[in-house]
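The following pair of complexes shares a single chain, chain A, combined with chain B in the former and chain C in the latter.
Then we have the complex of A and B:
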């Protein structure tokens, strides 16, 4: 028996007369007679805590006359629906959830229409709130219309999503991101990654990438967009500073950027301190002066607007000049 | 057809495909910009659903991954020849309606028409490379070679039609890039690009 939160519930003890002597229990515990109107059980303004097994027994014989499991819940609110293609051009999936729980079982029905054609959305075993569709056509201008209806014993609700084939294409983030220092290069970090394994045909549907990096001590990210390849060498890292690096992917032509990959950390190569033990103090002094020379510039020096270059790699000219000056200092 | 598989032909094919992909990318970007400008100028919603327009070759295709190289090239060529006629018609209508009043839109239309023509020629080159030769436009039938027969159309219908043409062209530009990437793939058997001598 399902009832809405806040409802008033009246339970009749089976076929017993109103004036019969009865005992009501909930989950095996006697219910106070103040809740009775004759042999009827009255529950006012029910809440979730009042869900349970309600039983009614005849007064003296304790014969069970009526039993029900009361479930208190709510009708469903408008569900939240999302559709995405992370394996273009194979197909797309839709997933959904309710913004607030109903506390009672819900069933979901999804319909996908492309033009006049109804398509089958095959439900995934895990997770349960997801189904996937195979594209029957590619490069269609006809929109897809997905309607999700959620129903429970207390009501129903629905939502509809309409979209183009291209608009929902969003790859998974790049995988296996690795960042390594470059020996004898205190300002370089080599970053490599792999296409997301869910992207079925990177040769015909190549991805482009967006790399962002910053030293942990700064908040502002540097960005580099790469139209091909799955590696990049950062050449303007601050010596000795630990960096955090992430990569995102996007189909070369359509759709939106993936989420950022898992972050990786790396620190550019620095000279081994033990090689310079006898001159440690001199080295430290020199390092201190170069640190002040190399004091982190503002990101205006090396932000996207200052990036110059064509093709796959952007170059920060100002950082290049700093590196050149730094090199001269050590000749 | 042995020449189609020679190493130099394979290199030429790859080069033509690479250039074609760049052309298609540029064309798509320009068509998308034109689509937005056109919709705004004509007081239309660029994202509104438009029914299939007669005479406009749909980019939508089933079993795209199963198409042979020849099918891809021939379908692309037929489409761009049709678009060439459709855009020429749009340009003519634009000049008749607005004259010099919206020269920028007219220039953008003309620029896209030029790119479509260039791309059609590029496809013909690819077909010629495979010794297949491009089919004559008269072989493609009246509808595709000459575009739809001119009929008197209301102004609103013309505007919607124009939107449909540009939208479908934008889809084709994406499809063409994908088709050319498929063509540029080395064939697993011969180690060279897939032979266009395959029968459909």
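Then we have the complex of A and C:
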């Protein structure tokens, strides 16, 4: 037995008279007599918690006279329907869901009409609430009309989508995005990716790509649009900064951009220091005399324990050269 | 009756362009680059059409300018060769067939658009239509150029006059215009794909010299 949330429910004890003595239980627990009107059980303004097995027993003999399983729920609200072609020109799929749960079982029926023809949308096993259609013809002037009807014991609802073949084309994001530093190039990052595997024919239906990248420390993205090829070299990266990079795809001529790919992180190539701990920033306050006794301009200047402080490897290296220059001057 | 005769005459007159062979400059460029240029032209036209169609549909008024307007296709309205095609058939088209289908379609579409131009109300619309027709003419010539440089014969002469008499009432005439714009839009989408396919098959480096045909 299905009832709406907020409804008033009256349950009769089978064929028993109104004035018969009965006991009602819910899920095995006795129900207080205050809910009874004679032998009728009155439930006012039912809520979800009141779902359960209701039984009515004759007073003295404890014979089961009536039993019902009450399920409290709601009629379906207008469902949310989405159709998309991520495998153009093979076909498209539609998926749907209810905006709010009904708490009782629902059945879905989908119909696809193309001009005068009704097409069959084959339901997918996984995920549920999804079906797919194969295009019989390409480049159609007639729109597709998809109607989804949801029905349950308490009511029904529906929604319709009407679209052109071209309007719903949206590829899946590019796959296997890889970003690598370029040796000996501190401002470059080499990015490569692959066409999404769901796109069946990149030869005849080429994809174009949109790359976005930014250093982690900044909020603003830089963008590059690429009309072909599945790789690109970023040449204006900030040295030594870690970058986050994403790629999106779109059919060259129709439809919309895919979602962004999984983000990859990469840092441009930097000169490898011998020791990275306790790097020192060699200050110009180091006296000229001490500098003349300094070691020649190698990374040995950055020996741990020799200096205290912090600084980037690049600074250390440059500082070494500066010191060397001073040494030469004072010889 | 009379209107039918006038219509046929108009169409024949306006469409009786000589089937121009490739312009000299396209032969210097080579087939590959011409295909690229034709592709670019279709994208440009598609962009132009968006504005033109918006203006024209507003001129026709409701329901034609409503975004959800999805009327059934009346049988007699099939005057223009449709871009719609079976997927495997489309894939299997030879380069010649592919180019010829485009050439024929745009020649016909140009013809119908020019008739439209003569009938349309506002000066703004006439101006837009004229501009569009000029660009579309350029596309037809461009396709012809590609065909010539690849050694394919151009499809037969001016397009045949329409088989059905023009629409008898105002609403049906507007429907015809609506479908004409739709077919044009669909063809431009299809052509982008047609020329993508052709681009892959004809490398840009190919240069064909047809000096002998020019009488040099």
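Keep in mind that, in the parts below, the second predicted complex is superposed on the first by the 274 of 331 C-alpha atoms of A that agree within 3 Å, B and C clash if a C-alpha of one lies under 4 Å from a C-alpha of the other, contacts with A are read in each partner's own complex, and residues count from 1 in each chain.
One rule holds in what follows: a contact is a pair of C-beta atoms (placed from the backbone, for glycine too) under 8 Å apart; a residue touches a chain by one contact, two chains touch by 3 or more.
For clarity, every value in this text was computed on a predicted model and none was experimentally measured.
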Item to complete: Would you check which partner chain A:254 touches, where first means chain B only, second means chain C only, and both and neither mean what they say?
Response: both
Item to complete: Go through the superposed model and pick first if A:210 touches only chain B, second if only chain C, both, or neither.
Response: neither
Item to complete: For A:89, select first, second, both or neither according to whether it touches chain B, chain C, the two together, or no partner.
Response: both
Worksheet item: Does chain B (first) or chain C (second) touch A:142, or do both, or does neither?
Response: both
Practice prompt. Have a look and say if chain B or chain C is in touch with more residues of chain A.
Written response: C
Worksheet item: In the superposed arrangement, which partner chain does A:116 touch: chain B (first), chain C (second), both, or neither?
Response: second
Fill in: Common interface residues of chain A - those touching chain B in one complex and chain C in the other
89, 136-143, 166, 203-206, 253-254
Discussion item. Under the stated contact criterion, what part of chain A meets chain B in this complex?
Written reply: 89, 136-143, 166, 203-206, 253-254
Worksheet entry | chain A-facing residues of chain B, complex | 25, 28, 49-50, 58-62, 64-65, 167-168, 171-172, 174-175, 177-178, 181-182, 185
Worksheet item: What part of chain C is in contact with chain A in the complex they form?
Response: 43, 68, 70, 72-73, 82-87, 90-91, 179, 182-183, 185-187, 189-190, 192-193, 196-197, 200
Worksheet item: Contact residues on chain A for chain C in the complex?
Response: 89, 115-116, 135-143, 145, 162, 166, 203-206, 252-254
